[in-house]
Every structure is written in C-alpha cells, then in structure tokens.
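The following pair of complexes shares a single chain, subunit A, combined with subunit B in the former and subunit C in the latter.
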Partner chain A sequence: MASLAQPRAQIQPGPRWLAKESQREALAGYLFILPTFLGYTAFILGPIVAAVGISFTKYDILTPASFVGLENYARLFSDPRLRTVYGNTIFFTVFAVSLNVGIGLLLAVLLNRHIPGPLKYVFRSAYFFPVLVALVYSSIIWQFLYQKDTGIINYYLGLLNIEPIAWLSNKQWVLPSIIIMDVWRNTGFAMLVFLAGLQNISTEYYEAAQLDGANRLQLFRHITLPLISPTLFFNLIIYMIGALQVFDSIMVLTKGGPGDTSRSLVIYIYENAFQFFEMGYASAVAITLFIIIVILTLIQFRLGRAWVHYA
Partner chain B sequence: MASATEIRATAIRAVRPRVASITGDRLLGIAAIVVLAVGAILMVMPFLWMFSTSLRPSAESYKLPPAWLPTQWHFENYAAVFQSTVPFLAFALNSTKITLVVVLGQLITCSMAGFAFARLRFPGRDVLFIVLLASLMVPYQVTIIPVFIIMKNLGLADNHLSLILLSLTSAFGVFLLRQFFLTVSQDLIDAAKIDGAGPWTIFTRIALPLAGPSLSALAIITFNNTWNNYFYPLIFLTTWDKMTLPLGITALRGYLSSGNASVVMAAVALTILPVLVVFLLAQRWIIQGVTQTGIKG
Partner chain C sequence: MDTKNVRRRDFLRLTTLSAAGLVVTACGGAAPAPGPAAPTAAPAAATAAPKPTTAPAAAPTAAPKPTTAPAAPTTAPAAATAAPAAAAAGAPPANTTATISIFDFGGEADKKIYADAHARFKKKYPNVTIEDNFVPVTTWSEFSNKVATDVAGGHTPDIINIAIEGTRLVVKKGLIIPLDDYISNDPSGKELIADVAPALIDAFKVDGKIWQIPHSWNNMLIYYNTKMFKDANIDPPKETWTWDDFLATAKKLTTGSGDTKVYGFGIPFFNFGLTPWFLTKGTYRLTPDWSDSNLNDPKVLESVTFVHDLVHVHQVSPDVGGEAGVDVNAQLFAAGKLGMSGWGHWPIQGFFQNNFKDFDVQFWPRSTAATSVHGVGGWGISKDSQNKPLAWELIKELTSKETIQATAEAGVAIPARRSVAEGADFLKFPTNSKIFYGSLQDSKPVEAPANFNEVETIFMRYMGDIMSDASTPEDGLKAAHQELSAAMAKLKNG
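Moving on to the complex of A and B:
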C-alpha cells in the first residue's frame, strides 16, 4: 500500500479521536521538554549569542558597553601573553593527553588478563577513585607533596641522591608537575573506557591468529589496536577537550605562576573577565577556545562514524 | 581435502607455541600483577598521606620520613576543623543543599525530556533533539560571562539560586535517559495506550519505574559533578558563609588553624569521605555509567 509511506495524518485523517490523541501527545511532548528548553535558551543558546556580541565591545559591567568592532579580535594576534598562554595550554594538552591515554591503555591491557577477581577489583578501584575526587582537593594534597623542603616527593628523591626540586616554583618544572598530577588523577577514566572496549573484542580473533603462529606483539598490533581504535580515538578527543580547559588544578597549585609559565587559556579568560573586567576581550579569547572544541567534536563525530564499521 | 601430513603440520603449529608459552604466560601474568600493584600503591599514596597526616598532631605534620599508615589517632584535627573560624559546617550544608536540589531537578527535567524525545511524537522533535545535543560542545567558559551578567541583573550573584538554576537540567542527562527510554518495549506502551493511558500516565507508571539503573547513573554522575564543582561557585559566591566546600576549603586553607597541614588534611579528608562512601556503595553503577556514556568527571 502506497499510502503507508505517507505521513498518516495527511492521507488518512482517521477517526477524530485519533487526531485528537496525536494532538494531545504533541502537546505533552512540548510540555515535557519545556523545562529543559527554558534552561537551554537562558543559559546556553542566549549566552552564546550574547558572548559573540560582547566580543565586539569594550565592557566592564559597571559602565555600558561600547562597540569597538574587531578590536578585540585584532588584539588576539598582537597579545604576547596570549601566545604564551596558548603555548602553555598546547604543551599541557599534548603531554597530558598522550600520557593519560597511553598509560590508561597499558593499564587496561594489563588488567584484561587473567587476574584473580578480588585483585582485579582492588586495582580497578585504586586507579579509578581519584577521578571522582574533586580536582581542587587532589591539588591541595599534591601541593603539600610537591613542597621543596618538606614534601615527601623530594624526600624520596633525596634517598636516591637527587637534589631537591622546586616543583611548583621552578619555571622548567611547573608544567610537568601539573601534568604528573593530572595523569595521576585522570588516567583511570581512560583505563575504564579501554577495558570496556577490550572486553568487546571476541576471543575468536586471538585464537585464530594464535593458530597461525602470531606472537604477542603481533596480536596487539594487528588485532587489539585496530579493533580498539574507535575507543582510542574517543579517549583522545575527550581528553583533548578536557585538557584544553585545564583550570582547577592550576588555580590551586600555582595560580598561573611563576610569571606566566603555568598560566592556561581558561585561567587567562577568567582573569581577564573577572579580575580585570575586560569582558569583551575575554569573550573573544573564549570564542577561540569554542571554535577549537567544535572542530575537535566534529572530527570525532565524522571519524567516529567511519570507524563504527569495523568495530 | 587436507592430507594427513597437512593436518599434522597445522596441529603442531597450533600446539608448539602454546606449550612453549605456558611458562612465559605465567611469568607475564605475574609481571602484570607486580606492575599493577606498584602503580596502585602510587595511586593510593597521596590519600594515605592525607589520612595519616590528618591524624598526627600539628607539630608532626611535616614529619620525614613520612608515616604512611596512621601511627597515632589524634582526632583533635577533625575537631579543630569545626572549631576554627572557617565556617566549615556552613560550607558542608551549602554543598549538600545545592547538590540535593540539582540532582533532584535533573532527575525530573532530564527524565521528562528524555521520555518525550524517545517516545512521544511531535513536530520538530528530532531537530530540537539535535539542537540540544549540539550544546554539549559548548564550553562553559564561553557562556559564563553572559550568564554572570544575567545572574547579576536578576540579583542572584552571591546566591545559591544562581548555581542551582544553571544546573537544573543537562543535555547530557536528557541524552542518557532518551537512550534508555528507546529500549522500553513499544508493545508495553501501545498496550497502555489502548487501555486509555495518556502520556503522563505512561511516563510515570510504566517508563519511570523501569528506568531505575539509568536514573541512578545520572544521579551519581550529577552528584559528583555538583559536589566537586569549583568554577561556578568561584564566579558567583563571594560571601564566606555562602561558599561550597571546594571553594571554601581552597580559599580558606590558609586560615584553617593558620594553614596547619594536619588540620587542612582533616578538612579535605572530611570532604572526600562522602565521595568514597558513594563510590564503595555504587561502584557497579558508576562504572557502568562511565563506560556506557563516556562522561568524564
């Protein structure tokens, strides 16, 4: 019947109670999503439009905004601090993402072996728990651990005859210190996601390859890695988006110092907006971050779909 | 037809590496456990140090070599947290209040919208859903400036309502519950419709009672995000008495018994405790929620 392919309401009006029924359902649908869309309009859609508008103005909240055209965007290219801040953020992102994802994958592969149940449970919990603890608390703890004279990290390094390191006040060490803590805190999430991915791989592939005499490295290279690539990609994108927004840990540990050496993009946005009240410029900087995140998400969406086929 | 020799050759190939690698396998297994154990100890050490320091008298909080397991049980530091000039109890009450309201609010708004997107037919449904999902890409640093201006104009700066209103619904929660409601059998819903049940009845009597595990996952994730949130309180709250735990402890750690490590660690231990309890009680749901939805805390 051809008419079945057509929208039913137009071709076959049906008995009147049915039309009434679907009207009632539509009304219910709109009412059900109303609270969510009120919040969405007030706190996401409206503010994005407003943020774009504000980025073309000079605005300090207290006095009315004045339109300055592309001035804030021109400033993006001439601001040497922004260059430093972007450099720091990219440095942090590259190392934090590769270490978090790499170590997470290693842990998942190790955990996916035949390990006695209770032991597996303990390991999984130990690696995952820090993910649930607020970053600011972990940072407060690590700030004590990182102290130059009283911290226990330098104490143990001292036993190995390593000179005490000023982890948080040395310009060379400050970003690596923040990265080390970030990996300690976040790698358990990647581990869990990888573990779920590994458990979806059928053991038949491994058995077949073993019959053909493949060694362990070949198994990993030619079976595990291709089959886990969608998961790997997912983790990379999620961690990249998170790392580009690094804020809490730096606020507690260094507030961006010494100098600008650990100042991240979001710290810079926060300071411009809420300490210098340069709302226009802060919005312009925030919009650059937004564009990068949209691009990363779209890549994830496109490639994620392409990869589903051989998952 | 494979000849007898061919079959034998395959069999030997199959068996030989196995036999050779049984001892290798066991060794690798032990090595894996050793590596994992060393790593796990490193993971736990900062928390152990926090706990043992919180139980040491202040004079010994920087004791080196560090004691990992509590050598003494001085609970004075915990008492000092509550007696200090820092309004720790107020922080805890504020955090509890905000977290409870937000979790409850999200359970209601997200389950309603999730149900509508999954099971109700209305014009524009799919477009609206995609528009909503797209908002997951928006970093909160972009929206925070206009949101702050809105709250300030509403007179809600330095008010818990600003934090609550901002988080009463979430695109992620709607997505999570929509995915669940899509799995509810259509036959069940049709049967209820024939019996004359309207959308509200189907939602509350049929769909919601089945959604327990998904609602728990959302509740736990929202609890954790709200309880740990630092950025929004930092932007909105300025009065000490109104602060939440992460903001208050971070801002005031210098004042807690003049920044004494043992007292600060006692305060941090107290705030991590609820998270640990939730984790131990609900580990299965947390891990399911994380692996199915891929949301990062």
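Moving on to the complex of A and C:
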C-alpha cells in the first residue's frame, strides 16, 4: 500500500495539503462543480441577495439608490393592485397545475397502453411538440385563434350557433383562455415525465393483481398511482413553481389586460421595475413571491412524506 | 362547401396581414416578442418612431438616388448644399480619429437608412468609427429600459435616438445636453430648423431649450375604405366633419352579422391612438403643463363615454382586444371588414405590401375643437459624450435631406423636414397625403411628462377596464384619476 502511494507522491510533488489521494479527489470534485457553482452564485444567489438589498432602497437605475428602510414592505399592505395580481396568479396556478398534471397523467396512461409502434411515436411526439415550439410564437398563433372577430375558434363556434366569445378582452374569459393555452403547451412535458415513470413499473405487479381479480380502476389506484407518486410529486412541484412565475404567455397574449384582469405577479414586478423604474418596490414584491414559493415547496415536501412512495 | 373554402382563405389572408399588422402596431408599442417583445400596452410608444416592417423593395431602389436633388422646390436648396458639415464653425477637422457610439431603435427600414447615413458621414470623417447600438424593438418602453440599463451599467452613448415620450425623462436625469448653441452657431443647423415645422421643434423644448433634433414623427388620422364608401353611397368625409357625422357614417357602414359582419370603425386602442378623442373635445388627460391628472374633467368623461359607446351602445366598433399587441384593425380594415379606423403614417407600407390601396385619409372628426396629436422622434447628444462636436456633425447627417428623403421613401413615419414631406415621393399616396404634414398646424404633442411610462400604463389599464365593461366610464375614470394624481404627485416630489 505504502509502496504504491509513495511513487505517486514523487511524480506529483504538489502542495503538502494535496498529499493524500482523498484530498486530490475532493479537489477534482470541487473543480468539477466550480463552473456550476460560479454560475449559480453570479446569476441566482447574487441577484437574490441584491434583490433583498434593493428592496430596502429607492432605486430608479439612473440615480444612486437611497435607503428607505421598510417603506417598500409597508407599501405591500396598502397596494390594492397587489391583491388583484396575487389573486390572478393563484387562480392561474391552481388551474394550470391541476390541468397540466391531470391531463399529462391521463395522456401518459393512455399512451402507455399497447399501441402499434409507429403510431405510439406519432402520438407522443404530437403531444410533446408544443413544448418544443418557442412560447412567443405559439402565443402569437393563439392570439390569432382567440381573436373575437377574425379568430378561427369563434368561426367554428359560429357554425354551432354559438355567439362569438371575446376570449382575450372579456374579464371572465381572459384567464381561462390563458390557462387553456398553457395546458396545450405544457401538458406534454408532464406526459413525458409520467411516461418515464410508468415504464419503470414492473408488469409483474399488474399481473399479480389481475390474478387476484383487480379491475382497471383498482390497478390504477393501488398500483400505478403509488408507484408513480414520486413522478407526480416532481411534476406538481415543477409546475407549481412555473405557474407562480407565469410571465411570457400572458405578456404576449394580453399584457395583463384588460385592466388588471390577467396580470400575473411577475408581470407586475416587471412593470414596476422596468416601466416605472421602481426597483425597490419591485424587489420587495419579488421577495414575497420568493418566500411564498419556498414555503409552498416546503409544505409540499412535508405533505409528500405521507403519500409519496419511493421504491 | 364553397363558403367554407372562401372563409378559410379569408382567414389565411387575414392572418398573413396580421403578421404585418403586428409589426405595424409595433410602432407604438404593443408588440409581442418575436420581433417586438412588448412591455406596456399600446402602440403608443410608437408615436414618433413607428416602424412597421420595412420596405424591402423600397430600400434597395432608394440607394442609387443620392445624386439627384431631392424633389423639394419650396425651400432653399442652396442653403442646404452650401453648408457642408465640415465648413461649420467649430466642426472637427476631417482627419479626426474617434469612436462615436449611438443608441437607436426601430425596424429594418430605419436600420438601413441609418447605415446609409453613417456611410456618408464616414466619407467626411474616414477615421471615425461608428458604433451603432441598434435595438430592433418597436416600443418606446422597451427602448427606454434598454437605454436606462445600459447607462446604469456605465455604457453611455454619444448620440441617443429618443421619441418625445422619453425626452423629459432623459432631460430630468441629466442624460442629454441642450443643442441651442450648436444650432445657432451652424448655418446648416439653422437651415435644418427652418425646414422643420415649429410644432416638432417645440416638442423637444424643455425649459425653453431645444434638446433634440427631430427626424420623423407621426400623428393620428382617420383612414377610410374608399371602395366601401362608394358601394354604400356615402360621401367621403369632409375636412370639417363632426363626431355626429362620424357616428352617422359609422352606423351606415355597419352591416351584416356573423361571417358577413362589417363594422364602421375600428378603435385604435393604444395611448397615442386614443388622444384625438380628447383633443377634439378640447381637453386632455393631463393638465396643460403636464403636471397633474385632468381625468376628472367632465369633457374627458364625455370622450371616454363616446368611445365606450361605439362598442357597447351603437355597436359600430368591434371589441377592443384587451391590451394585446396584434393590430387587428389593420387586418380587418384591409379585408374590408372595417369601414374606418385611425393610424398615423405607419400602416401604409403594410397595406401596400398586401396590395390594398382602396383607402384615403381625413382629419379626425371634431366635437368642439379641430386638432390632432403628434409624437416626434429625434436625436440628442449625451452629456457624457467625449466627442460632442463630432456627434453634432453626425446628427446633421442623420437629419440631412438625403437621410430624411430615405425615411419618406421607406414610408414609415412622416419626415420631419417640410421640404421632404411636401415632396412628390411622400405625397404620391394616399390622395389626401398632404394632410399628414398639414395636420401639424393645429396639432398638440402627445402628453409626455418624465413619468410617461407610468401615465400610459395607468391610463390604458383603466381604459381596458372600461372597454371590457369591468367598470363604467365614470367609475373607471374616477379610479384612474386617483391613481394618476398620485403618480403625478410622486413625480413632482422627486
């Protein structure tokens, strides 16, 4: 042992503290994660810390920041628009997450059945395809589809004698319209993740249960669901975080209008930061969203212990 | 079967046009992200620098033109040519070595026009490098964001292209310098000012000083479909028509239902586009000094109620689509589904490209006042520029007859120089084109205090509420007045 270590030490004299193999391995490990760590620090951790700092200031980008203490946080409680945009964001999150994950699961279960080879790929690709298209392009296409007077959706509804719907300019319809587009676009990703989960379930479980006389619903409830619960959990967390931060699809479709009826929290943050140049207040709002996402994620992890089964 | 096919074709055609329309809308601001990516809402920003697509055809052919004298018999051509840049007092010597950095924005047509102007400048100053930070965005908000962040990041340009919407912000923040001395010490500066309507110069005056040199501008006029008017036996609108005449005309033009529905008027639903309704009622959204909200003026309520009723009472206008960025009006107008709508000069190229020429323009109908709105784009010199005299020379090239003539040929905005705007190239279409520049006589600039972005956002948000019937015009304006007053107070208090 010692004779093996000795010659190496001679070949690579190096600093004293690297004398041990384990130390050298550790160094290599650190070097490997260094780029990621630097990126994380520069682009995620740094901005978060900066946002916390800026949230205590009045800062318009062009003139130096001045410290205002908790003023921006006090304003959070007297801002009626903040309540509206939080309401919109929560409404969007509840429906977008449940529909994306629910429909994704349904599609995955359907596509996991025995379907002739090529057809299986056609279906999977078709449902996943919207995920691949840049959101802005698909949003513009949806904007055309949703037009009240020239949109193709209202054209076909008209053939069924249904009055044209102002999808994007009616206060009742605007958020549902955005959710519909979001589900069309994003459910394919949930489907793909579920498919991977489903394919990991050994067929032996199903065969055994079927021998015991379980029906399809029972198979799904007692075998499929528990065994894909980690996947389901993953999807719920990912979709929840994404939905709470919804921005681009709304920006392209309605810019938050009419009025504030479709304005999401992140659009509101953007508006304050880059249109009103109120970086301090925008940062304070962003911090509230950050805290809420952290808390919700922790709650989900805690609840997850009860229903997520890791093999 | 047949109808279905036709419908589908119609749809495709509309969609294609919308693509153009979308860019067109950009002029103001609302554009979705691909080319544009839009913050605020309305094509408002566009005002001054609306830039629809470009004229790919026009630009190349325009190139070989420089030699010919721009067709402008009116103003003193002698002055223009007789004062070559380098001859001006204080102009840097031709062998100056420097780098000039520019912030500008717009569409492809603008980019080409600017590039040609830079090339001409480099013939005079071969050792000068021009660093053009051209931002292919079309909304004022996006551009001001870009300028602010770049300046905050320590990157100060020598020359900035700004629309009136941003002028007071950059003046207030001390980013640009007044240009009065450059103008008065330079014969070609004086010639330039003499060739530009005073209203456009005044738009860039703050505290009695001129801060920018206008290059192009836009207004709001009524566009009407000449064929539809003829088919319905309606006389073309007269220059002096009133809101009542307008409504009667819109009612006559509104016909059909479902697939055959035709509306009389498409509301230009963006900040700039809505201004004529206030101006022709003798009011405005801000007080005359732009220091406070005027939304509690009963005349403002009358104007907003009139616009609201076009959709909800008289049903002569289609719903306005939230704050989205597609210029649906352009699609509908070119497809013969709208008898009238309102724009500045910017959609004309798009209509041409779609081979739609059955339209003409007329002044906005009046209620109690005959007036219109204008927004202007212009060049300013940065306070921190190390090459101010050189920057001035470049601005002269960017506003030379040749450059402005190219603007006219691209057909996007209205050229700032009267000699070009009254030239044959600019006037060739539509028939009544003379009123583009002519409207300046009684026109007022778009309200653009230093917190323009905020004013626009507040106003359009409440207009969205009102037009979607989420609130009545009374309640919406009351709440808007409260919020706007608070924003203006904040501006006053620094």
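Just so it is clear, the second predicted complex is superposed on the first by the 255 of 311 C-alpha atoms of A that agree within 3 Å, B and C clash if a C-alpha of one lies under 4 Å from a C-alpha of the other, contacts with A are read in each partner's own complex, and residues count from 1 in each chain.
In this text, a residue touches a chain if its C-beta (ideal position, glycine included) is under 8 Å from a C-beta of that chain, and two chains touch if they have at least 3 such contacts.
Here the structure is a predicted model, which is why all the values come from computation and not from measurement.
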Which of subunit B and subunit C A:K148 touches, first, second, both or neither: second
Touched partner set for A:A26, first subunit B, second subunit C, both or neither: first
Partner chain in contact with A:A166 - subunit B first, subunit C second, else both or neither: second
Which superposed partner A:L110 touches (first subunit B, second subunit C, both, neither): first
Which superposed partner A:L192 touches (first subunit B, second subunit C, both, neither): first
Subunit B versus subunit C as contact partner of A:Q210, first or second or both or neither: first
Contacts of A:H222 with subunit B and subunit C, given as first, second, both or neither: neither
Subunit B versus subunit C as contact partner of A:I293, first or second or both or neither: first
Which superposed partner A:F274 touches (first subunit B, second subunit C, both, neither): both
In the superposition, subunit B vs subunit C on subunit A residues touched: B
Subunit B and subunit C footprints on subunit A, overlapping residues: 61, 136-137, 140, 144, 150, 152, 155, 248, 251-252, 270, 274
Residue ranges of subunit B touching subunit A (in the complex, touch as defined): 10, 13-14, 17-18, 28-29, 32-33, 35-37, 39-40, 42-44, 46-47, 49-50, 53, 62, 64-66, 108-110, 112-113, 115-117, 120-123, 125, 128, 132, 135-139, 141-150, 152, 165-166, 168-169, 171, 174, 198-200, 203, 224, 227-231, 234-235, 246, 249-250, 253, 261, 264-265, 268, 271-272, 275-276, 278-279, 283, 286-287, 290-291, 294, 296-297
Residues of subunit C defined as touching subunit A within the complex: 7, 11, 14-15, 18, 22, 30, 32-34, 37-41, 141, 145, 148-149, 151-152, 173, 175, 258-259, 261, 263, 318-326, 328, 331-332, 335, 337, 451, 453-454, 457, 460-462, 464-465, 467-471
Interface residues, subunit A side, partner subunit B - complex: 22, 24-30, 32-33, 35-37, 39-40, 42-48, 50-51, 54, 61, 107, 110-111, 113-115, 119, 122-138, 140-142, 144-145, 150, 152, 155, 184, 186, 188-189, 192-193, 195-196, 210-213, 215-216, 234, 238-239, 241-242, 245, 247-248, 251-252, 266, 269-270, 273-274, 279, 282-283, 286-287, 289-290, 293-294, 297
In the complex with subunit C, residue positions of subunit A that touch it: 61-63, 136-137, 139-140, 143-144, 147-150, 152, 155, 158, 166, 168-171, 174, 248, 251-262, 270-271, 274-277
